[in-house]
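Presented sequentially are two complexes of chain A, the first with chain B as partner and the second with chain C.
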Partner chain A sequence: MRDRLAGISLLPLSSWLVAFFLVPLGMICAISLATTDLVGTPIFALEFSNYSALLDPLYVPVVIRTLAYAGAATALCILLGYPAAYTVARLGGRHRHAIILLIALPWFVDYLIRIYAWLAILGGNGLLNNVLHQLGLTNAAGLSFVGHSYTVILGLTYSYLPFMILTIYVAVDQMDPRVIEAGKDLYGGPWSTFFYVTLPTTLQGIVAGSLLVFLPALGDFATVQFLGGANQTMIGNLIVNDFSTVGNAPQAAAWTVVIIGSMVMVLVMASLVARIRRRGATHRIGSDVVLGGTG
Partner chain B sequence: MNSYMSGPDPLGGKITRRGLFGTGARIGGAALLATGAGDLLAACGGSSSTSAPAMQPVAPKVDGKVLNLLTYPGFFAESAVKGFEKEYGVKVESTAFVGGQELAKIASGQPFDLTTPIASQLPEIIASGLARPLDHEKFKYWDQILPAFMNPPYDPGAKYSVPYAFARCGLVYATEWVKESELTGSWADLWRLAPKLRHRAYVMNDMQTSMGMALEYKGHDLNSGDAKQIEEAGQALVELMPSTGGFSDPSDEELIISGQGWLVPSWSNSMYFSVLQVKDRSSLGFQFCKEGSLVDMNPMIVDAAGKSPGTAALFIDWMLKPENMEANVRQVGAGVPTKAGMAAYEELGKEFPFLKVPPDIVTSFAGWQKPFTAERRKLFTEQWSRVQAVG
Partner chain C sequence: MTATVESAESPAATHVDARPRSSRNLRHLALWAFTGVVGLFLLAPLLVVVLFSFNGIKSVSHLEGFSFHWYAKLWGNEVILRSLRQSLEISAVATAVGATIGTMLAFGLVRTRLGATRVVERLAALSILTPETAIAIALFYFFTVGLGLELSLLTVMVGHITFSGVFVMIVVRTRLLGVSEEVEEAALDLGAGPLTTIRLALLPQLWPAIAGASLFVFILSFDDFVTSYFTSGVGVTPLPVLIYGMVRLGVSPEINALGTSLMVVSILLSILAMSLIGWKRGRRS
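On to the complex of A and B.
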């Protein structure tokens, strides 16, 4: 009876997922195998060349670049996000929720507006160039901050940093502070306590945050479109351009399927690693117990 | 009064639009998901239908009190729109689109009454039954239209469209960093100067326009369908891209006004908006290139899915009225091939010389971009994919 009730209660959610996730996903998969007519309208077929076209060596740098940018942004988010989240969670006191709200506040503003803001700061006549020029550090031509790899990575980091901060914040907030005290009681210095106690305890937050940053960064296109330059195309840009400028929806769909497939693989691998780690930890504890018992 | 009225027959066709997000609204992409997905699932192995259902020509009359426009922001003068609302008691609701969205919206059957697509898309729009034929006889100001545009190549007999804003493509340059003496009036200037401009030169993120530009740079016809020539053009762009700042996204205007772009392919009406927004007009220069100017247009059409087709036709007729067209020309900075429109455009050209047009542009469609054939689109797409990969 309880199982039946549980099944019924899941029905709305299941229907929602089927209607608005699985069906569209199926359509994307179907379009990825389609051909097009004169105007680019997809026509059902089994056209695997849409996938084989992705193997063109031309796209290898784009794929590598996408992975590199997403990876670099994720790493930067960890480096910036962990201290921020840790500080807020541990030292924020009763204001910590308000501080977290402040961190998330810029994300109440539309994504494009925020990217435009970066353009206003880094552009040729932007704020940064004006300041540098006023300080006599550059000539009137200014420096070109837009159109570089670091600008794109900066933009990606800025865009997804709150995801990292929020997940790590939750992990640190939920951590029992007594484990740190226990680490210190066992003569652990600040660094060793951090590396052997705090970091492993909050690792799940880092992993979750990394996934939340890395996966959307893989499919991002607006950051490169606004802040990037030549030779900075990411896969997301190829998809957008296939859709909006060349009428090649099947190829865009093929890219989409590949990205979704990659994301699923990353998630599965992360899950496997987590499982192995848990098993390893259980095994170690078991061994320690056995060793302790015989010692 | 001018030579435009002597227009003979047309050649090949295509269009203009406001340079908003740079990318031309091509018939592809998102639009296709809208139409294509339905066909895809329904046809299941069949081909999508492109034959237009028979529709009665629509005459201008109020048949709905709300008119839904789907067009670029500010694409019609406010005075003309307000005047229409007051004259006929109709409320005009406008939905703004950026490149690539309008086809998705009308193809999905959203009930817009009037749209301004790119002219080269019209053959497909018409074939897909997305536009209503017009009853010219009932249009009060139909005779305002220049002769050539009563039978344009993109819409023979102008059965479905009324010409609106056209513009030409050239090179905008920041006079502080690109001296007029360095320019030779050729697309080759972009290739030659880009390496010296430290990634401040850009390429328009529009397949047909940029490939057309490269074809002309290589000495070929902008509408070439020759595979070898198209490959040459693609290669020229691939070689150009690394020395540029990439594509002129989010828009050429943004890059120019912000000072980020020093040498940027742009539309004459985009230049008009840019000049109006900079403090010092002399800080910007514009050159047309001797190889051609890739003329482009956004005509007005009555959408098949609209609920007030008569009101939409009436709106078009109202816009053809001389004083309204004059206001529109000043608003969009684009040429409009009507008597009043071209007169206003010529007047505007006295203050903004880059808006002047050679007569053959509106008499014989010289230098206009033509609609794609399937084969030419395929060849362009292949090369443009290469350009995108390094863009």
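On to the complex of A and C.
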């Protein structure tokens, strides 16, 4: 009786996910192969020309740039996030949860406000220019910080760093302290213990954190819109442009499929890394929490 | 690194670590200094927004005086208030529906041994990993081209329910894994029906997780921009979509005030949500 109840309770959200996640994704794949009629409504067909933009010299850099920005932001998040998460988890003592939540506070702040905060600092009449001018380092015209690739990467890093920190924090916090002590017995030095014991044990946390940074960064468009310029266009911006242009639905759909395809490749790579790791690891860690136990 | 040494949980480490104390302290100091810089990087921009929201003059780079002027302006702004109402409606519905079907799915996943649960788990994980832009634009074409619908509050709600439900499911599922089946079995043995069993034996143990997850999902929905942007049509402007439009026009003290207000509400609700979910209790291993 209860088993039947449990079985039935699976249904609503599973069917919801099929109806409002899987089916729309399937439809966008279909639209990416469609043509349009005179008023711009997609007509389903098998038209591969929407994907020809992928080979267009105009758009190839956009695809490469998107992957590069998302990759750079992910790398920066690991470099900044791992030491911070590690420090708080291992040295934070009783208040470590509070400290990590304080550091990860931007996570709770509206995404646009986070980007906006950087615009207020780096913008043409922003705080940084004002400070530099007050110090007599620049003239009244100021410097242009917005519209560079580094500003976009900075914005992406800032937006998604809390995910990385929290994921790695959970991984380090859940490590069995005895494992580290065993490592110290075996390897002695703090660095070798870190590289041979702590880092491999928390690798799944890094992988999960990287997915939570890289994947949303792949589809990001507001960061470039506010902190970048025409030379920083990412795939997300192409999608938004095609989305608001009548008759460009198939092209927008094709770009979306490119993002989904990149995601699938990244997920396959991540699961390969996780599989290699799992052979040695005996510990349930952060990625389980994040990926809902699919890791 | 010898990080364990300091924490009281591993007294054994003191014996193991034979290196001089000073080099360890130096290392700890360096780690904390780095962490401080990262913390500053993350918090300083928010502080800038908060500070300038109280600015006495209409400037986003000079602080002069102190006033609630920009907040007062927000409360007098019909457009913002209308967006606020719409956002609250969307989040309330998304949270209620998401919490219900998310909790049901968590229960189903933990308490059945069907092979299908693995597929469902993967589907749910995929739905939160897929870049939101992709899901949102797919939903847009699904609604408009596929179903021929006009975009409305309802379409935004549908978009929000998807991630709300999955998020609640993940939190409640984690909690359920720590709840033994024995209490439920005892209740069933004593003659309680399955629904009564759930109500009397299971829900009392689950409600903090459900309430915490719901609060959290409410914030996620309230702050959501991408899905809202693609699924809201004419006349529907959830607050983040309105902010998007405002930011496009440039930096202004009003946005600072609006951003600060949202920040304060989100952070307070998150703290409440975190303590309900049992962030501390759940992590003690």
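Here is the rule we go by: the second predicted complex is superposed on the first by the 259 of 295 C-alpha atoms of A that agree within 3 Å, B and C clash if a C-alpha of one lies under 4 Å from a C-alpha of the other, contacts with A are read in each partner's own complex, and residues count from 1 in each chain.
Methods note: a contact is a pair of C-beta atoms (placed from the backbone, for glycine too) under 8 Å apart; a residue touches a chain by one contact, two chains touch by 3 or more.
Only a predicted model underlies this, so the values are computations on that prediction, with no experimental measurement involved.
In the superposition on chain A, A:Thr233 makes contact with chain B only, not with chain C. Shared-chain residue A:Phe20: touches chain C; no touch with chain B.
Touch counts on chain A: comparing chain C and chain B, the chain ahead is C. Applying the stated contact rule after C-alpha superposition, one finds that A:Asn125 touches each of chain B and chain C. Contacts of A:Leu58 after superposition: chain B is touched, whereas chain C is not reached. Of the two partner chains placed by superposition, only chain B is touched by A:Gly247; chain C is not.
Of the two partner chains placed around the shared chain by superposition, chain B and chain C are both touched by A:Thr41. Using the contact criterion defined above for the overlaid structures, shared-chain residue A:Ser144 touches chain B, although it does not reach chain C. Counting contacts by the rule stated earlier, residues 27, 31, 41-42, 116, 119-120, 123, 125-126, 225-226, 243, 249, 252 of chain A appear in both its interface with chain B and its interface with chain C. Note for the complex: chain B touches chain A at residues 23-33, 35-37, 39-41, 43-48, 50, 99-100, 121, 124, 127-128, 176-177, 198-200, 205-207, 241-247, 249-250, 254, 258-261, 372-374, 377, 380-381, 384-386, 388-391. By the touch criterion given at the top, residues 27, 30-31, 34, 36-45, 58-59, 61-62, 116, 119-120, 123-126, 140-142, 144, 146-147, 225-226, 228-233, 237-238, 241-249, 251-252 of chain A touch chain B in their complex. Considering their complex, residues 1-4, 6-10, 12-13, 16-17, 19, 24, 27-28, 31-32, 34-35, 38-39, 41-43, 45-46, 48-49, 52, 60-62, 100-102, 104-105, 107-109, 111-112, 114, 116-117, 120-135, 137-142, 145-146, 158-159, 161-162, 165-166, 169-170, 173-174, 184, 188, 194-195, 197-198, 219, 223, 225-226, 230, 240, 243-244, 247-248, 250-251, 255-256, 259, 262-263, 266-267, 270-271, 274, 279-280, 283, 285 of chain C touch chain A.
Chain A meets chain C in the complex at residues 1-3, 5-14, 16-18, 20-25, 27-28, 31, 41-42, 80-81, 83-84, 86-88, 90-91, 93, 97, 101-106, 108-121, 123, 125-127, 129-130, 158, 161-162, 165, 170, 173-174, 176-177, 180-181, 184-185, 190-191, 193-194, 198, 211-212, 215-216, 218-222, 225-226, 236, 239, 243, 249, 252-253, 256, 259-260, 263, 267, 289, 291-294.
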